[in-house]
Structure formats: structure tokens, C-alpha cells
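This report refers to the structure that appears directly beneath it.
Labels for the chains are A, B, C, D and E, by order of writing; each one numbers its residues from 1.
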Amino acid sequence: MADAVRTPHRQPVEIAGLSHHFVVGGAEVPALDRIDLTIEPGEFVTLAGPSGCGKTTLLRLLAGFMRPSEGTVSVAGEPVRGPSEERGVVFQQATLFPWLSVRRNVELGLRLRKVDKAEREERTRQHLELVGLTDFADHRPYELSGGMQQRCQIARVLANDPDIVLMDEPFGALDALTRERLQEELLEIWRATGKTVLFITHSVDEAVFLGSRVLVMSPRPGRIVLDESAVLTENGERAAPDHLRALPRFVELREAVREAIVAGQQPA
Amino acid sequence: MADAVRTPHRQPVEIAGLSHHFVVGGAEVPALDRIDLTIEPGEFVTLAGPSGCGKTTLLRLLAGFMRPSEGTVSVAGEPVRGPSEERGVVFQQATLFPWLSVRRNVELGLRLRKVDKAEREERTRQHLELVGLTDFADHRPYELSGGMQQRCQIARVLANDPDIVLMDEPFGALDALTRERLQEELLEIWRATGKTVLFITHSVDEAVFLGSRVLVMSPRPGRIVLDESAVLTENGERAAPDHLRALPRFVELREAVREAIVAGQQPA
Amino acid sequence: VESGRESTTAADSDCPFEPDESIETTARIAWQPIPNGDLVVKDLGLLEACMPNAKIEWVQAASGGDVVEYYGGGDVDLGLMGSSPATIASSEPKVRDVDLAVVWIHDVIGDAESLVVKDENVTEISQLKGGKIAVPFSSTAHYSLLQALIEEGIDPNKDVKIINLAPEKMPGAWQGDQIDAAWVWDPTQSQLLDDGGTRILSSEDTAEAGRPTFDLGTVDRTFAAENEEFMTMWAKLQDHAVKMIADDPDAAAESVAVVLGIEPDAARAQFEGLTYLTAEEQAGQDYLGGKLAEDMLTTAKFLLDQGGITKVGTPEEYAEHVDAGPARRASE
Amino acid sequence: MTDTSVDTGAGTTAGGRAPQPTGGNGAAALERRAKRAQRLRRLGLHTASLVGLILVWWLVTRLELVRPLYLPSPGAVWDAFVTANTDHPVSEGSDRIVRGEQNYYLWEHLVASLQRIAIGVAAGVVVGVPLGLLMGTTWLGVLLEPYLNFVRSLPPLAYVGLLIAWFGIGDTSKIWLLFLAAFPPIAVATISGVKGVREDQVNAVLTLGASRRQTLTTVVLPSTLPEVLTGLRVGVGFAWTTVVAAEIDNGIPGIGGLAYLAGGQLRTDLVIACIIVIGFAAIALDLGLKYLERALVPWRGKA
Amino acid sequence: MTDTSVDTGAGTTAGGRAPQPTGGNGAAALERRAKRAQRLRRLGLHTASLVGLILVWWLVTRLELVRPLYLPSPGAVWDAFVTANTDHPVSEGSDRIVRGEQNYYLWEHLVASLQRIAIGVAAGVVVGVPLGLLMGTTWLGVLLEPYLNFVRSLPPLAYVGLLIAWFGIGDTSKIWLLFLAAFPPIAVATISGVKGVREDQVNAVLTLGASRRQTLTTVVLPSTLPEVLTGLRVGVGFAWTTVVAAEIDNGIPGIGGLAYLAGGQLRTDLVIACIIVIGFAAIALDLGLKYLERALVPWRGKA
């Protein structure tokens, strides 16, 4: 428990026959409909889809915040029974703790796991720097701007070094420049550590740019309508970001994703 | 008071020598530095800038939620003393009322102003439809997805028909398609009613596409570093959306905005 | 649920005298749960039976102090209280707030209140030096205890520790060895005696030493002046009850038992510790007719010393607050 | 957070265990069934613990660990309870029949006290909530807060005399006392709730054109509701604790007055019967308030 | 929401009026100065209202609208207060000098009661907060809730006899009574606070690897803190209201015991002096708790 960087497990995330509905005023509101999905360890899965189609619901089921109405979710062969430190979550609405300073929020996971002080401070410093909040380390979350809160949350999850990172529109509140920088940092971390990532985004471009695999969901009830590998290679290597967007496959995939989203939204 | 559609005032929003700082733990944190700005009635002003540069702070000062440390904000010649129904606000983090259903949230302003029932219901229906929440009218806000909450908030503000609309990244949590649709609806409403709009966004494209005037702020302390008219005309008419993005002036302006944001972020 | 429901089964009892239908007074009477004629009158509904056109309201009070407060608020016209509160109410400055007169002696306290000690080797009050004695403060028992101590030359502030304790809490403290003695009345007194206590002194003894304590019937002086006939009838019925306690103790005990919510036998046993005086006795020199005012003066002097009052009135002032009239008229 | 499985975070499906897949079976019905099962389980739990407690009590008295004078046996208390609710002879064999205790059945004593409490607490809500809102939102708070704190810390036994002097020995003074007990926690909770209202929710409603009064009713009040209800529950509890003090003087009928009289006569069995009746009545009342809470504030912990 | 200007929504600059532009002058210093001015204004307000109140009181007694038995004049109460704090002759002209009242000065009575309250309330926090957390987060809540409601509605006067039988007539039984008064509101408030903890904050800390216990201490407890503190304030208030009941028996020294004895002797001036001392002590204590609240929960209304 006390070592901060752990070797990630080599087992997939398996979702089988997953359906979920909410009960609102006695009536059932379907959110997910019979989803089967296996995420291999080390994959960077991006998930797009129209607003309200069930992306967050899927992520919360994976995280173990809720139990599915039907079907199963398991990680490394074990059914998910609740939240766990191996599955870090960046929430769509930042859930920072107002009673802790920004620094304390970021180092919380390390503290909880009793990582020793020197390492804790080093990792916290690193991650505050990563998201550009070094100067705001002693502020309280409610003294930050919306984008800064979101960045703080990202730092908190990454500092805790989970095997699986579940991110719900993490870069939605960021300006283009910060967003690009963080996208690259995230890719960097992913490449270095081999983490499994599920990344929800509204930006088709971002989905295709970041993902090693791109999923699109259709709304009401949520089904996966597109599932494409997106490992874009250039001369057998993963393409450099600058070149990536110019690849014909990139443009092609982006078009496919956009169309899937539009198609999914049509009947609604 | 009781007529829902009012003729907008014909007076500008004037900001003179506006500075603001926050006091955090006894120390002053500057957020805005001597901003002078006049927004003419009927302008659609978009505001971009790096995360944490003070966009929301400026908006909150305009809304009257806070008093500036220095300088003045006035609307139609009157200094702003507090929030008012003539300045509608779409918050960065949705502030819906969980004790009211979606419908009730949307019609709240009309209820408060005692607009008569038939008109109230009609306007509510219209705006629920506008943001695509007709089917969720009887849900509670916490039963909505993040993007749906944001849409509900937009409907709430627009249904109330304020003269001045202050929007803080209203479309940040929306998928591309919904976003495009709402962008056009917003432009439509703007053109039809001649409202004054201040629109904060992270998307450079969105800023240039929507704005009749584009502002860029630099961070810490926030100053306005770019202020360009963006009324893009084609044969003397406002350009149609499809053509707009192809105009050389559009591409040029987008580049200028991007550079201004990058330049502003450099020293930080 | 409305208040004011009186005994249902005994209310139809007959008036022992000729009912007086001319009396149409409204009288509000404060009573306390003390086993004497007042409870018999209340239980049997004698006032109601003998004055069918009068309106009688019974108001329960927890202590004499409460009764004085009721008077002050104009809430009652008659009331039962111990001799200490009656004296306080007849002294400056309280007399300005409540102008009442003592018109009846419901009972003279004898063995009903006594000093019960835990250690059976203790036979003299002086042996309690350094011990703890429990007593309900501001009560007749408190007064008797202090009198008895001072009589023996024991300083109540230094030589013993006197503890304010409500009677119902004494058995617990007694059982836990937290008190050495208690001056208290029934049913706690009997309980302590059952628990191995010994009675070494009682109010009977203090009375013999010239410091008697009473439960007194009082009346608002204005009310008494305006309702002479009512007062006479009231006194006659009290007299009737006193005689009933003497002549038919079982019936009287039953009434007392109903009001107190205890067994008639227990009620009957409690009669033993109190002396009940007929109207004739009361009207005489020894009581309302003379000596009671002196007793009140003695009490007042004592209370002054204890900080209970700030000023002792003149003998005439106390005499003014004793009215033997109703008792005298009743005995005729 | 939901009621039972709060800290597992699995808040949506009640009960904490994942329901098995059930094919086409309506899941809302499933949920209803799960809820019923849970309710039954709860009832069982409560019954079991109650029975256990009575058993311990019975044993303690049976083994004479405590004197009956302080803690009578369950049987004796039950007898006192029954006697107090029936017409019964004053003593065995006597033909004088008395009605309950002090001429009222025990339940009548209870009803009398309940009436007083209901009026006192109702007045406490009517005064406490608006006062709390006012004090939480205006300068009146600064002015009145010390007085509120003054009033809410006064021991009833110290000032009940004053109330009797001002309002007589009838029900009015008793209701005043119960009111003075119930209203401060309600007011304090309201004030505290007002302080917790999110600034931006107030801002939001102001930009929608709400007047000062409308802000209070449409935002401050609903968002304060959870704390007001907690305050109400505490206030009702407090009114119960005050019922004996209120009924010491001329408190018949009244369960507090009866308990006081019985105590003075060392009738511990009746005192304990009164205590238990008070306790159960309070539990029932509180249960009602909790249902009210659940119905009125479904969004707690969610937004 | 801030303290004074809550419903204008202009929460950032205290006082509600916009400060004038001030050139280069440090704005933090400016803010400090504004705060001091505000504090002074407040003090003035309170003094004025207090003086006004005493004046009304004086007039009421002067015009003899109320009998001195119930409401003595301010002068008489002041005399009683002074007498109770000094060595004085037992009566005018007597040469026997007594110390204060019942051989203790009034302030000694106050200190004795304060000690009991401090211990009782401290125990209430130590028991009430963990119990509340437990009851709010586990099935223990379902089991214990009725018992909690039972206990918190019992009138002290009805069961103080039992406490005395079990814990003697010394301080132990009094502290128990004060504890039983203070702990239920604290526990109830804690439970209610736990129910208001945002689900996703719990989820968040669980995904960071918190154990059950760590979730309690790092999220549930801090987020419940505002309500716990409200509960604490209500609990302390209750303890004060119970101090007379606790000190009826063998309660000297003790301000409640003194008030009770003085009441029995119909010395209303001393009773009112005691009441006022209790009230002021309670206000002072509550002020301290409010400062604590402000220091511990700066985020209220913001997140």
C-alpha cells in the first residue's frame, strides 16, 4: 500500500449485458441498454455522444458508485462492488473538499494511503505544477476559477496514481492552450505508465486525438454505436501530435465519429 | 412588469477603471486590473482568455454579485448596485433549484414577475423545446446529466427575456451537435430581439463565430489585450453561418485571438 | 380533554347541612396533596353540594410558595400553605403583593414530619454534628429542623451540612449512604423508617418547645370581606371534615386516598402524625384567636435570621393577618 | 446519502446488495418489493431490541439488583398503566370506584399534554421560522441574537413563576412555557440554515427578478428546510422535556403533572409508566416528522 | 452568505455599501478598517437596545404595572446582585456577617454551574458526535434511533430521581442530567448533517483510497461540522435550561440551585438576578461558539 507508483494490473475491464435505468417518480427512465464492452489494460478509450446519452452513467457504474439494474461490471475478473482507489475518477462537476487547501486536496489520496512525507510532497508539487496551480496551492477550492477547480481535480486523481483513470469531460472548462498542454501531458503519463483510461469528451477532435480507441454512444437508451481503434501510426510509430491531425485516417475517423453522433441524435 | 417581451433599453454598459482583487488569508490576490470598456446596446461581445484570468470575475461584477475594489460599472447610466432581472446570468456551474422541477426552474422568472399563466406556459414550453428538455420537464435537476443541467439553466435565463444576457461558458458541457444548434438559436434570438450579450467561452472558434465583437483577457491581473469588431459581412449582409468560417477575415481573426491568448499566457 | 373534572363517583354526595342556595360566589381554591380535611372536602364535593349556585374551582399547587404566587397573580381566592410561606406573605414587602389572612388551621404538624436518622446509635440530634441532614428547603420541615438544631446549640451553617433534597429523592440518597438523616413527611418518612431509620425528633417536639408548625388555610382578605357567608359555609365544611376524620376515619381516609392516589390504609396511617382541630378549638386563644399570630411573629424572627425575609413586622401586623371570624361563626 | 448504505457510496439501489438480473420484470416493482422487505426487516429489528430490553429490565428487577422503589418490575409498571387507564376501586374490595388517576384516564392526561405541546410547537414554528429567516438575512439578527440566546438558555423552573403571574395558572402559561422551549431551537436552526444557503442560488434568483420577499420564499426557505426540520424535531423533543415543568402547577390533566404528583407519592411504577408513555408518544411524533422530512426534502445530499 | 448583507447577494465586500475608490491605499487595510467600524456600530446597537430595555423595565415597575413579587425594579435586582457578591450583615443592623448567598458568592455559584455544564456538554460532544456519525452511516441508526428519541424527550424532572438513586446526590448525577440534556441535540444534528453530505464527495474520497474510517474523518465529519456546531450551540443552551432541574437537590453552590431556593423563599429579586447572570453567561458562551464556527467553517454558503 505504501508505495506510490504501483505496477498496473494486467487484467481487462469487462462489461457484460449492462443496463441501467433510473426510477423517477415511480416511472423508469432508461439510461443504458445492454452494453457489452471489454477494455483491455493499457487502452486509452475515449467516449463521445450527445448530451444525456448515458456517458456519465456508464462511468459511474464502472467506478462502482451505483449498481447496475442489470448486467455486470468487473475489473481484473472481480465484480465491481464499490469505489476503489485503483479506479480514479475525475468528476464532471468538480468535487473538491472546501475544508482543504488546494495542496491538501491534491495530496489527499497519498495521505490516506500513508505515503511517506517526502514522496508525498514531491508528487504533490509535481502535479500542482503539471496543472499550473503552484501559485494557488494555499488557496481554498472556492477561491479558484471554474477551470482551476477542474485542474485541481485532475491533479488530485493523477497524484494518486490509480491503475484505471475514469475522466468525465476533464478538459471541458479549459481554454484551448491549457487544454492542449494537458492533453499532451496526459498522453505522456499514459504512455509512461500504461494506465487504462476512459475519457469522456464532447470534442470529436479530442476524442480522436487522444484515444487509442474511440467509442460513440447513442442516446435514450444509451448504446454503443461506434467502436473504432484509433491508434494512429506514422511509419509504425504513434504519430507526433503535430502530424497526427494531418493524417488522412485522423480526418476520416473524425468524420465517422461526428456522423455517428449525428445519427444517434436524429431519432430523438 | 407583467409583459414578458420588453423593448430593450438603448443605453450602453460602461465599465470605467475597474479593478478587483480578492483577499485570501490576509493577502491580496489581484483578479482584474483597470479595465475600461463600453458595450453598446445590441452588441454580442464574446470574451476569451486563459483559465483563471478573471473572466468570471468580470461577469460577476457586471451582474452585480460583487462590488469592485475600484472603478465603476454602470448600465444605462445607472451604477450597478446589485443583481437585477434586466441582466440575466448563465452561471459557469449550473445553479438550478433542486426543490423545483425542470419546468418550474425554467418558468421561475416568469412566475416571479407574475406573467400570466397562458403566456408563461407557452414561453416555458418554447424554451424547453429550444434546449431539448421537453421530455424531462418533470424531472428534478439532480436527475439530469451535466449537459442537460446546463441547457436547463440557459432555458431559464432566456425564458425570462433579460435585456442583457451574461453567459459564462454556457455551451462548455455540450456535445458538438447540440452546441452548434444552440449557437445558432442564440444568434437568432439575438438578431430578433437586439439584446446585449456578453458570452464567455474557451473556444476561439466559438468566440469569433458568435461575437459581433471579440475580447481577449490576459491573466493575473486580468487586462483586455484584444478588442476587435467581428461583424463579418458578406456582400454587406451578416454572413450565413456556413459561409462565415470560410471568410478570410474569420480565419485571420481566429488566428489573432489565438495569438492574443497565447501571448497573454506566456509570462505566467 | 378539558381540565377541571372533579371526582365523578363522590360528587353526588349530600350536603351534611342545609344547602345554601343564596351563595353565588365564584371561589378558586388552591390545594396541596397533604392528608387533611381539605382533601376530604374536595373529594366529597361538599362545597359544591352545600352551595349549589356557587362556582368552585380547585387549583393544584406544588408548594406554599406557589400558592402565594397564585394569590399575587389574582388566580385564587383561598389556598392552603405551610406556616413559613404564610408568615413570609404576611411580612414586608410581600404583604404589599398579596393581602391574605389565615382563617383556618388544617392541621398542626406532629409526628407527620420528623427527623429520621440512619445510624441506630444516634439518639440525640447533637450526635449528628458533622453529618449530612436532608430536608426540603423552605418547608415547614426545614423550619422545624433549624429550630431543633439551634435549640441544641448546633450551628446549622457550620456544625452540620444541611442539604436541600426533595422528599421523593431521599430514599435513593439514603440507600446510597449519602445522607445521615432527613427531616421529612410521608410517604418518604415511612419509607425511611421501613429502611431501618429511627425517628429521634419530630415536629411534635419542636411544637412543644414553642415552635409549632401548621398547614394553614388562607384567604384573600378582600374576598373574605365580600363573601362572609361563603367563608362561614367553607369553615363549617372544613369543620365537618375534621370531625369525620375523628369519627369515621375510614371514610375520610378513602377520600384522601382517592385524591392522593394511594391506598386508604396508608392514608389512614398518615392521619396519626397530624393534629386536626375543630372550628371551636381553632377559634380559641391557643390558635386563631390569639397565639397563632405570636407563632407567626416567632417564625418571622427566625426567618429573618435565615435570610428568608428582610424585615419583621410588628405583632399587630401579624395579628391583622389572622382572622378567626369564619372559624368562630362555624363553631356557633 | 441514503438511509442504510451511506458510506459504501452505492446510493442508488437501496439495501446495498446488487439485485440479480430479472429479465423483463419491471424494475420499479422490484424496487418496491425490496423496500417492503427492508421495512419488514426494520420492524423485526426494533421488535427484537425492544423485547431484549424488556427482558433485561425484567431480569434486573427479578434478581433484585435494583430496588423496586427506583425501578419497579415491568409487570408492576404494566399494572400501573392498566389501572391508570380504567375505572377501578380505590383499593381492593372497596366499592368506591375511581376513574384512572386524578379523575382522568392516562390517555386523557396524554391527550391534554399533547394538545398543549401541539399549540406551543405550532406557535414555535410560526414565530421561529420567520424570525430565523429575518435574523439570518437582515440586521435584525445582530440586534436580536443576544436576546434569542438569552431566552433560549433560561431554565423554565426559574421563570415559570413569572409566566404564571402574567398568564395565569391555566393552560396559557403552560403553552407559553412549551412555546419558549420549542421556538429557540427552531429559530437557531433556521438562522444556521440561512447561513448555509449558497450565495449563487440567491444571486441566480435575483437575476430572475425576485424581490427581497420572493428570494426568501423561493430560495432561502426551501434551501433552509432541512435544517428547519431538524430544528423542529429538536424543538418538539425539547417541548416534551419541558412538559413536567409546565405541569407542576395545576397540571391535571396532563401527563407531566401526573408524573410529578406520582413522584411526590413515591409511586415509581406510575412515574415510569408516564415516562414510557411520554417516550413512545415522542417517538411516534418524531417518526411523523421524519416522514415529513423525507417527503419535503428529497434532494438532500444530491445537490 | 455573509453576516449582514446576505440577501443583497453582494457578499464579498462586507457592510453592503460599496467602498469608494482609494488610489494606492492597501485594500486589505481598508477592509480591516471597515470591519472595525462595523464592530463599533454593532456594539453601539447592542448597548442602545439594552439601555432601552432596562428603561422599559424600570418604567413598568415604577408605574407599578406589575407587582414587585413578579417583577422587582432594576434597582432591587441590582441590590440583590451586589448583596449576593459581597459579605453583608444577615439583616439590617444585625452584626452577623454572611458571605454572599448560601455561603458562596454569586460568581462562585456561577462557576460551580459552569463547571458542571462544561463537563456535561463535553461528554455530550464526545458521545454525541461519534454516535451521530455512526447512526448516520450504519444500520445502528435504524436500531438506536427510537431510543435516542426516547431519551431526548424525557422530562428531567421525571427521571432525576432515578439518576440520584444511581449516581448519588453529588455532582455525578447533576453532570449526567446536563449530559443527557446536551447530547441529544448534538447527536440529532450530526445525523442530520450526515444525511446532507454530498454523495459525490463521499464517492470522491473512496476513489482516493479512503477506508470506511477515513471517509468518516476526512469527508463526513468536516462536511457535517456546520450542523454539529449548530447542534452544539443548541445543546449548550439546553444544558443551561436544565441547570435548575439539575441543582434542585443539593445544588449549592450552583446558580440553578440558588435560583430555586430563592424562588422557594419568594425572593424574586434574587431569582431575577440569577436569571440575568445565567442569560449573560449563556450569551458569552454562545458568542465563543460562534467565533469557533466562523473559524472552523469558512466555506459555508460557498461550496
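By our rule, a contact is a pair of C-beta atoms (placed from the backbone, for glycine too) under 8 Å apart; a residue touches a chain by one contact, two chains touch by 3 or more.
Owing to the predicted nature of the structure, the values given are computational and were not obtained by experimental measurement.
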{"item": "Common touching chains of chain D and chain C", "value": "E"}
{"item": "Interface numbering overlap (same over half, different under half) for chain A and chain B", "value": "same"}
{"item": "Euclidean distance of C-alpha centroids - chain D vs chain E, Å", "value": "21"}
{"item": "Gap in Å, rounded to a whole number, between the CA centres of chain D and chain A", "value": "47"}
{"item": "Chain A-chain B separation of Cα centroids, rounded to whole Å", "value": "28"}
{"item": "Geometric centre distance via CA averages, chain C-chain A, whole Å", "value": "84"}
{"item": "Shared interface positions of chain E, touching two or more other chains", "value": "9, 11, 67, 69-70, 161, 165-166, 198-199, 203, 206, 248, 260, 263, 302"}
{"item": "Two or more partner chains touched - positions in chain C", "value": "69, 72-73, 168, 171-172, 175"}
{"item": "Of all residues in chain B, the ones touching two or more other chains", "value": "22, 65, 82-83, 93, 140"}
{"item": "Of chain C, residues touching chain D in the complex", "value": "1, 3, 5-10, 33, 59-62, 66, 69-70, 72-73, 75-76, 167-168, 171-172, 175, 187-188, 191, 254, 257-258, 260-265"}
{"item": "Chain D-touching residues of chain E, taken from the complex the two chains share", "value": "1, 3-4, 6-7, 9, 11, 42, 45-46, 49, 66-67, 69-71, 136-139, 141-143, 146, 149-159, 161-162, 165-166, 181, 184-185, 188-189, 192, 194-199, 202-203, 206, 212, 215-216, 220, 226-227, 230, 233-234, 236-238, 240-245, 248, 256, 259-260, 263, 268, 271, 274-275, 278-280, 282-283, 286, 300-302"}
{"item": "Touching residues (chain side chain E, partner chain C) in the complex", "value": "67-70, 90-92, 94, 96, 98, 101, 103, 160-161, 164-166, 168-170, 248-252, 257, 260-261, 263-267"}
{"item": "Complex interface listing, chain A residues touching chain E", "value": "63, 65, 82-85, 87-89, 91, 93, 95-99, 108-109, 112-113, 140-142, 156-157, 160, 162"}
{"item": "Chain E-facing residues of chain C, complex", "value": "63, 65, 68-69, 72-73, 85, 88-89, 93-94, 96-98, 134, 137-138, 157, 163-166, 168-169, 171-173, 175-176, 178-179, 304-305, 307-311"}
